[in-house]
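Both complexes below contain subunit A, partnered by subunit B and then by subunit C.
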Partner chain A sequence: MSARPNPLVRAVVRRLAASVAVLLGVSILLFSATVVLPGDPATRILGREATPENVEALREQMGLDRPVPVQYADWLGGVVTGDLGTASSGRPVGPLLRERASNSLVLAAFAATLTVAIALVVGVASGLRVGRPEDSALSVAALVGVSIPDFVVAGVLVSLFAFTIEWFPPVSLVLAGGSPLDRPSILVLPAVALAVPAGAWASRYVRAAVVDARTAPNVEAARLAGLSPQRVLFRHLLPGVIGPTAQVLAAATGFLVGGSVVVEQIFAYPGMGSLLASAVAVEDIDVILATGLAMAVAVVTSFLLADLAGALANPRLRTGL
Partner chain B sequence: MTNERWSRRRLLKLTGGSMLALAVAPVLIGCNDDDDPTPTATSENGGGGAGPTATSTAAATEAPPAASGGRVRIAAGGSATEVFNPFNNSGSAGFGGFYHVYDSLAWLAGSEVRLGVAESIEPNEDGSEWTIVLKEAIFHDGTPLTSADVAYTLRTVADPEQAPTLAGGFSVMDVANIATPDDRTVVVPLTTPRGDFLDAELAIWSIVVPDGSLGGEGAIGTGPFKLDAFEAGSSTRMVRNDDYWDTPALLDELEIVVINDPTARLNALKGGEAEFAWEITPAAAKAEEGNEDIVINRGGAPNSRALGFAANTLVPPFDNPDAVRALKLAVDRQAFVNTVLLGFGEIGNDLVGKGLPGYADGIPQTERNVEEAAALFASAGITELTMLTGEVTAGAVAASELLVQQLAEAGVTLTLDELPADQYYADFGRLFSTPLQTAWFINRPADVHLTSFTGSNSGFNITGLAGEEYDGLLASAQTAVDRDERLGFVQQAQQYAFDNDGLVVWGYQEDLNASVPGLNGITYTQSVPRFHSASLEA
Partner chain C sequence: MTARADVAEASGATAGATGRRSAIAAGVGRYGLLLVALPGVVVVVLAIIGPWIAPHPLGASVAPPFEPPSDDHLFGTDRLGRDLWSQALHGGRRLLIVPLLAAIATVFVGGAVGMIAGYLRGRIDALILATLDLLLVLPGVLVLLVLATGWGAGPLVIVIAMVLTGSPFLARLARTATREVSQAPFVQVSVTQGDGTFTILRRDVLPNVLGPLLADSGMRFLGALYLVAALSLLGFGPQTPETDWGVMIRENAEGAGLNIWGLALPAMMIALLSIAVNVVLQTVSDRFAR
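Moving on to the complex of A and B:
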C-alpha cells in the first residue's frame, strides 16, 4: 500500500508551483511593458552618431532583430542561470542588484517590524473596544493612515523629526564603502513612512480577527474560568488572531515594496526602489526588468511564507488527519 | 523631414536637463567673472579676445586668501549604473567627479574660454589644423602627462562606440592623422576648416585621461582631487591632490552624494548632511529666501535654460509671417517669468544665448501688444490653435496654460494637446510637422544653438528656419578663423532668425543651487560647480 503524501507537503508543493506560475506571468508582463516602451535600445546606446547601419548592427548584436518571444526566452534563460544582463553604462546588473537588494532588505526588516507592531497594537486595541469611542478614533486614524500617500507621510516626518525636533536625519545617505547599519538612525524615517500606510491597512484586518476571536469558545471558556484579562488576551485570544492575519501581513509586503519606489527616492536611500525609479527615468531596460522581477519575487515569497505559516498552524494539514 | 540620424535620446541629450546635454551640444554656461576667484589661466586671445588662439600662464595664479581644509559634501543627481567613465556618462554626479579628478585642455568660465592643461591651442591659417601644446602636468600615479594621452583622449571621444553622446561634436577631427611630434605637442587636423574648434568643441569637453584609460573605480587624472572611493548611485569621494601641478585645492575632501530628488537635496543641506545642493527648484528657492542658514546661488542668464514655444514656419498657419508675428506680440514675457519661474529668471527676446558671447543684445526687446496681435491673427484668419505640450522641463505645462490665457486675450482659442513627458520625444515625425509646440533649450552661445537647431544641416529644426542666405551665414559663423569676423556673422544670423524664425523665447530659467554660509570660491563651468578654489569657513 503506497502512502499518500502528507497534506502539508502537498500544500507546500501546490503553493510553490503557483508561485512559480505567478512569477512567470509577472516576467511576461514586465518584458511586454519594456517592449512597448517608445524608442529603441540600440539607438539609445549609440546616441546621436548612430548611422542606420550601426544601429542595425547593434540591434543584431543585442539580439533585438529576433522575434520578441525568442528575446523573452533568452532573457528568461539568463535570469534562470543568474545572468541579469548589463546596464546601459556597461555595468553588470547582477552585482548592482545584489548591493541594492541588501540595502532594501535592511530597510524592509525595519519597516516590516514596525508594520506588524502598528497593525497588532492598533488592530487589537480597536478590536477589544469594538463599538466604543476608542474604536471609532482608532478606525479613523487607520483610515487616515491608509489614505495619506507615502510622500506626504515622508514630508510630515521630515518636517517634524528632522527639522523641528531634529532627532533623525532628513535623508538616508549610505556613503561609498558603507552600510545602512553604520548609522541606523537613517533608517527610522523611511521605515516609518513605509510602515504607516501598510500598518494602518493591516490593522483593519487584525481588528476584524480580534472581534471574531473574542467570541471563540476557547476565549469564552478562559474568560468564564476567571483568568485575568491579560492571560485571556495573550494565551487564548492572540494566538487565534495571528494565524488568520498572517496573510494580511504578507500582503502588507506589497505596500512596502510599492512604497519603497517613492520613499527611497524621497530619502535618497540606495535600495531597489530608488534603483527602479532611476532606471525607469533613463529607460535602462535590463535594470528595469531585473529590479521589477526581484520586487515581484519579494512579494510572492512573503505570500508563500504566510501560506506556509498558515498551513503549519492548521492541525489538519499539519497532522494529516 | 524626420532625420533618422536623430534619436529621441539624442534630442533629450541636446535639450535635456542632464549634464550630458551640455556635453553633446555645446553649452556655454559659466560664472560671472566678477565672482570668479579661480586662479587666472585666462586666454590672452580666446573667449573675449580678437582671435581663436588661447594661451595661458599657469604660474600666474592668485588663490584667494581663504582657510585651508575641511570637507564639502555635494548633493547631486546621479545614476546607480554609472561607471565613472568621462566618455559615457549621464547625471550631474559623474560630471562633478570628472571636473575634479581630471583636467581639461580648455574650459569655459562664463563667457570666457580658459586653458587647463593646454599651454596653447592655436589654429593654422584657415582653421583646418589645430596645434595643442601641453603644460607640464602629472597624473595622480606620478607619471607625466604627454601628448600620447591627449591623442588617445581625442581619438576616444571621437569614437561613437566609446563616446556615443560626445563623438558627434568631434567628428570634424581627422582622427587617423592626429600627430604627436613631441611629448608636449599634439597636432589635430580637421576634415573641414573650423575657426570655432576651440570655442565650440574643446572648451565644451576636453577632459584628458591617461592613454588607454576609460576611467572606472580606480580612475586617475591630473586634477586637483584624487578619486578615493566611488560607488555608483551613492557617493564619489575625492581627496586633495597635494602634488597638483597647479595651485592645490584648499579643501581636504570633496564628496558627491547622490540625491535625485531636488527637495531631498535641499533637505540634506538643511539637515547638515551636505554643504552644497546642486540644483534646487524655484519654489524651494523662494521658500528659503529668508533663511539665513542657506545661501541661494542664482545662475543668471549665462547659467540657464531658454524656455518658449516653437511655431513651425513650414506648415499652416505659421507659414504666414503675420501669424508668427502675432504670436510673438501676444506673449507677455514678464508674466511668464513671474508666474512660471517665480521670478528666478530673465525675459527672453526669441533668441537663445542671452548673457553669452555673441548674443545680439542690440536687437530691440519684443513687447506685448495685444491689439496688434489680435489684428494680425484676425487678418490671418486664425481663431483657434492647438499646441503640443508636455512637462518636458519643469514648468512647461504651466507655461502652456498661461499661453492659453494670453492668446485668449488676443482672440485666439488655444487647445493643449498634452503628452506624457516620457513619450513627448517618441515620435519625431510629429514634432517636425506640428504647427506649434512647447520648446526649451540649454542656453548656449547663439552660434552654437543656431547651428544645432536651425538651418538645413540641423537634424532637429522644429521651426523650419533655413534657406540659402541663412545657411551661408551659419557656415561662415563656423569657419571664420578671425573671432570678430565670426561674431559678425553670428550677429547677422541672429537678426535673420529674429525676423524670420518661429521660436518664441519668453524667458530664461536660471540654475538654482544652494549652499551653507561660509562656503566660498565656487566657480562654474557649463553649470558644473568647480571646487578647485573653494573654501569652507569653520
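Moving on to the complex of A and C:
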C-alpha cells in the first residue's frame, strides 16, 4: 500500500475491521449462549440412563472438562480453519453447511432482487406522485404489505398458486446433490413470500428519499436546464436516492435471513434456515453455532455492501464513510 | 456497525415527517384508516372471547378430517377432524398475551438502557452501544431458537429473545432523545439542585422520551407476534391439544388441497391482527408527530 492510501480504500478497510470485530463479538455471544444452556451435551448423546463414569469419560473426550474460554478458543480456531465440528448425525458440519448455505444463497439472491425491485418501483412511483391518489393507494398497499408476516404471505401464495391454480409446486424440494436451479420454479413462491413484506417495508423509506430528492438543488438545476424528465430521473434524482436507501435495503435483506428460517421450513426447502430449525429440534449444538454464525455473516455482509454502494453513489461519502 | 441503528433512528425522524402520513390521510380520510383496522379489531375481540363462544371444545374431533365448509362446520374441519372455526377461536389468546408481554418488556428495557446510555455518556455509553451493535445483527428467530434449544419455547424465553433483539432499536431511539433533552436548562437545574440520577431520568427525561418510544412499541408487538407465530409454525410452540394460529398453519398446510381454510383461516387471522395493529399505531404516532 502506498503511504497515502485513497480515503475510500481506508474507509473500506476500517469498515471491514469493524465488521470482523462485530462478528467476533457475535461468536462470543453465541458460544456463551450455548454454554449457559441447561443440559450437558455428553448426557444428551449417551441418554439419561448413562453411568456418571461414562458421561465423565465422554465429556473429557469432547473437551467439555476444559475451561470455557479454552473451549471457545478451540471452537473459533476450528471455524477459522474451516472445521465447524460434527453434527449429531456424525457428518462434519462444514460440507453440510456449505451445501445448505449455497441453497439459501440462491433463494436469498432471488428474494433480495425482488425486494429491491418492489422497494424501488413502489417507492419511486409513489414518491414522484406525492399527494396524489396513486401515492395514497400505494402507501396503503405498502402498509398492508409490511403488516403481513412472510409465512402468512407464503400461506396465501400456496393456497392460491399451488392449490387453486396449480402454477407452482407447494413444496420446494431439492434432490440430494442437485441444485435448486435445476427447477427454478420451486424458488418463485418462497422468494415472493420473503420479498413482499421486506420490499413493502423498504419502499416507505425509498418514497421518503424520493420526496426529499425531488427538491434537491442538483435536481432542480437539471430540471431548469431543460433536461428530459427521464434524464433528470435516472441521472440526477435516483443517484441521490441510492445513498440514503442503501442502508434500508441492506436491513431489508437482513430481514430475509431471519425470515428464511420459517419460509424455508414451510416449503421444505433445504437451506440454512431449515437446517437451523431441525438442529434445534435435536439440540445439535455444533450445527446451531455454525448456522448462527453464518447468518450473522450474511447480515453483516449485506450492511457492508450497502455502505459500499452508498459510498460509491455519493461523492461526499467517499471521504467520511 | 451502526448501520441498522441508523435505520432505526431514521424511522423515527424522517418517515413521519416526509409525508407518509399526509399521503395516507389524504387518500382514505381521517377515519378511513381506522376503518381499514376494523376487521382486525373484530379479530382481537374474537381472540379474547373466542374460547367462550367456540361451538366445540378445544381439540374435540367432531367430523372426518379435512371436510370442506358446511352448515355444521363454518370453515370445515382440520386434519384430525376438529372444527376449524372452534380451533381458531381457541388459538387466539396466546398470540395476544405473549406478544403484549414481550412488547411491554422490550419497551421498558430498551427505554431504560437507552436513557442510561444517553444520560451518563462516556465509557458506559460506549460499552452499551457496542453491545447493541452486536445484538442488531442477530435475527430474532435465531436468538429465539438458540435459547429455545435448552430452555424450551415457553413464554419467558420468547420475552427474553424479544427483549434481546427488539430493544436495541428502542434503546437507540431513547439514547438519541435523551442526549438532546439532557442538555436542556430544566435538566441542568435539576443537576445543580443535586437531584439523584434516577429522579432526573424519571421526572425530567422520561416524559420527553416517551413519545418516540410509544410510537415504536407497536412495531415491537408485531415483531413479537411474528416470533411467537413463527415458533409455533416451526413446531416448537404449544403441543396438542393446545393450539394457536401458527400451529394451525403448520398442521393443516399439507391438507390445503382438501380444505383450503385450514391454511387460509389462521393466516387471515394473523394478517388482519397485524394490519390492525400497524394501522392503529400509524394513526397514533401521526397524532404524536403533529
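Heads up, the rule we're going with is that the second predicted complex is superposed on the first by the 304 of 321 C-alpha atoms of A that agree within 3 Å, B and C clash if a C-alpha of one lies under 4 Å from a C-alpha of the other, contacts with A are read in each partner's own complex, and residues count from 1 in each chain.
The working rule: a residue touches a chain if its C-beta (ideal position, glycine included) is under 8 Å from a C-beta of that chain, and two chains touch if they have at least 3 such contacts.
All figures in this text were calculated on a predicted structure; none of them were measured in a lab.
*Asks:* Given the superposition on subunit A, are subunit B and subunit C in a clash or a fit?
*Replies:* Superposition check on subunit A flags a clash between subunit B and subunit C.
*Asks:* Specify the partner with more touching residues on subunit A, choosing between subunit B and subunit C.
*Replies:* Higher number of touched subunit A residues: C.
*Asks:* With both complexes superposed on chain A, which partner does A:Leu237 reach: first (subunit B), second (subunit C), both or neither?
*Replies:* neither
*Asks:* Is A:Leu96 contacted by the first partner subunit B, the second partner subunit C, both or neither?
*Replies:* In the superposition, A:Leu96 touches subunit B alone.
*Asks:* Figure out whether A:Leu275 sits in contact with subunit B (first) or subunit C (second), or with both, or with neither.
*Replies:* first
*Asks:* Counting only touches as set out at the top, which of subunit B and subunit C does A:Val248 meet: first, second, both, neither?
*Replies:* second
*Asks:* Give one of first, second, both or neither to describe whether A:Ala176 is in contact with subunit B, with subunit C, with both, or with none.
*Replies:* First partner only.
*Asks:* Using the touch definition from the top, say if A:Gln265 reaches subunit B (first), subunit C (second), both or neither.
*Replies:* Both partners, subunit B and subunit C.
*Asks:* Contact-wise, after the overlay, does A:Ser88 reach subunit B, subunit C, both or neither (first, second, both, neither)?
*Replies:* It touches subunit B, and subunit C stays clear.
*Asks:* Please work out whether A:Ala195 is in contact with subunit B alone, subunit C alone, both, or neither, and reply first, second, both or neither.
*Replies:* In the superposition, A:Ala195 contacts neither subunit B nor subunit C.
*Asks:* Please work out whether A:Leu114 is in contact with subunit B alone, subunit C alone, both, or neither, and reply first, second, both or neither.
*Replies:* neither
*Asks:* Going by the clash criterion at the top, which of the stretches 187-195, 277-285 or 457-465 from subunit B hits subunit C after superposition?
*Replies:* 277-285
*Asks:* For subunit A, what residues appear in both contact lists, the one with subunit B and the one with subunit C?
*Replies:* 38-39, 158, 162-163, 170, 265-266, 277, 281, 283
*Asks:* Report the residues of subunit B in contact with subunit A in the complex, numbered from low to high.
*Replies:* Per the stated touch rule, the residues are 4-10, 13-14, 24, 75, 79-83, 85, 88-90, 160-161, 164-165, 167-168, 171, 229-237, 255, 257-261, 263-264, 267-268, 270-273, 422-423, 426-427, 459.
*Asks:* Going by the contact rule set out above, which residues of subunit A touch subunit B in the complex?
*Replies:* Result: residues 38-40, 43-52, 54, 87-91, 96, 100, 158, 162-163, 169-171, 173-177, 265-268, 270, 274-275, 277-279, 281-284, 287 of subunit A touch subunit B.
*Asks:* Please output the residues of subunit C touching subunit A within their complex, sorted ascending.
*Replies:* By the definition above, subunit C touches subunit A via 1, 3-4, 6-7, 10-11, 14-15, 18-20, 22-24, 26-28, 36, 130, 133-135, 137-143, 145-151, 222, 225-226, 229-230, 233-236, 246, 249, 253, 256-257, 260, 263-264, 266-267, 270-271, 274-275, 277-279, 282.
*Asks:* Over in the complex, which subunit A residues touch subunit C? Could you list them?
*Replies:* So the residues of subunit A touching subunit C come out as 18-19, 22, 25-26, 29-30, 33-34, 36-39, 126, 130-131, 133, 135-137, 139-140, 143-144, 146-149, 151-152, 155-156, 158-159, 162-164, 170, 204-205, 207-208, 211-212, 247-248, 250-251, 254-255, 257-259, 261-262, 265-266, 276-277, 280-281, 283, 285, 288, 292, 295-296, 299-300, 303, 306-307.
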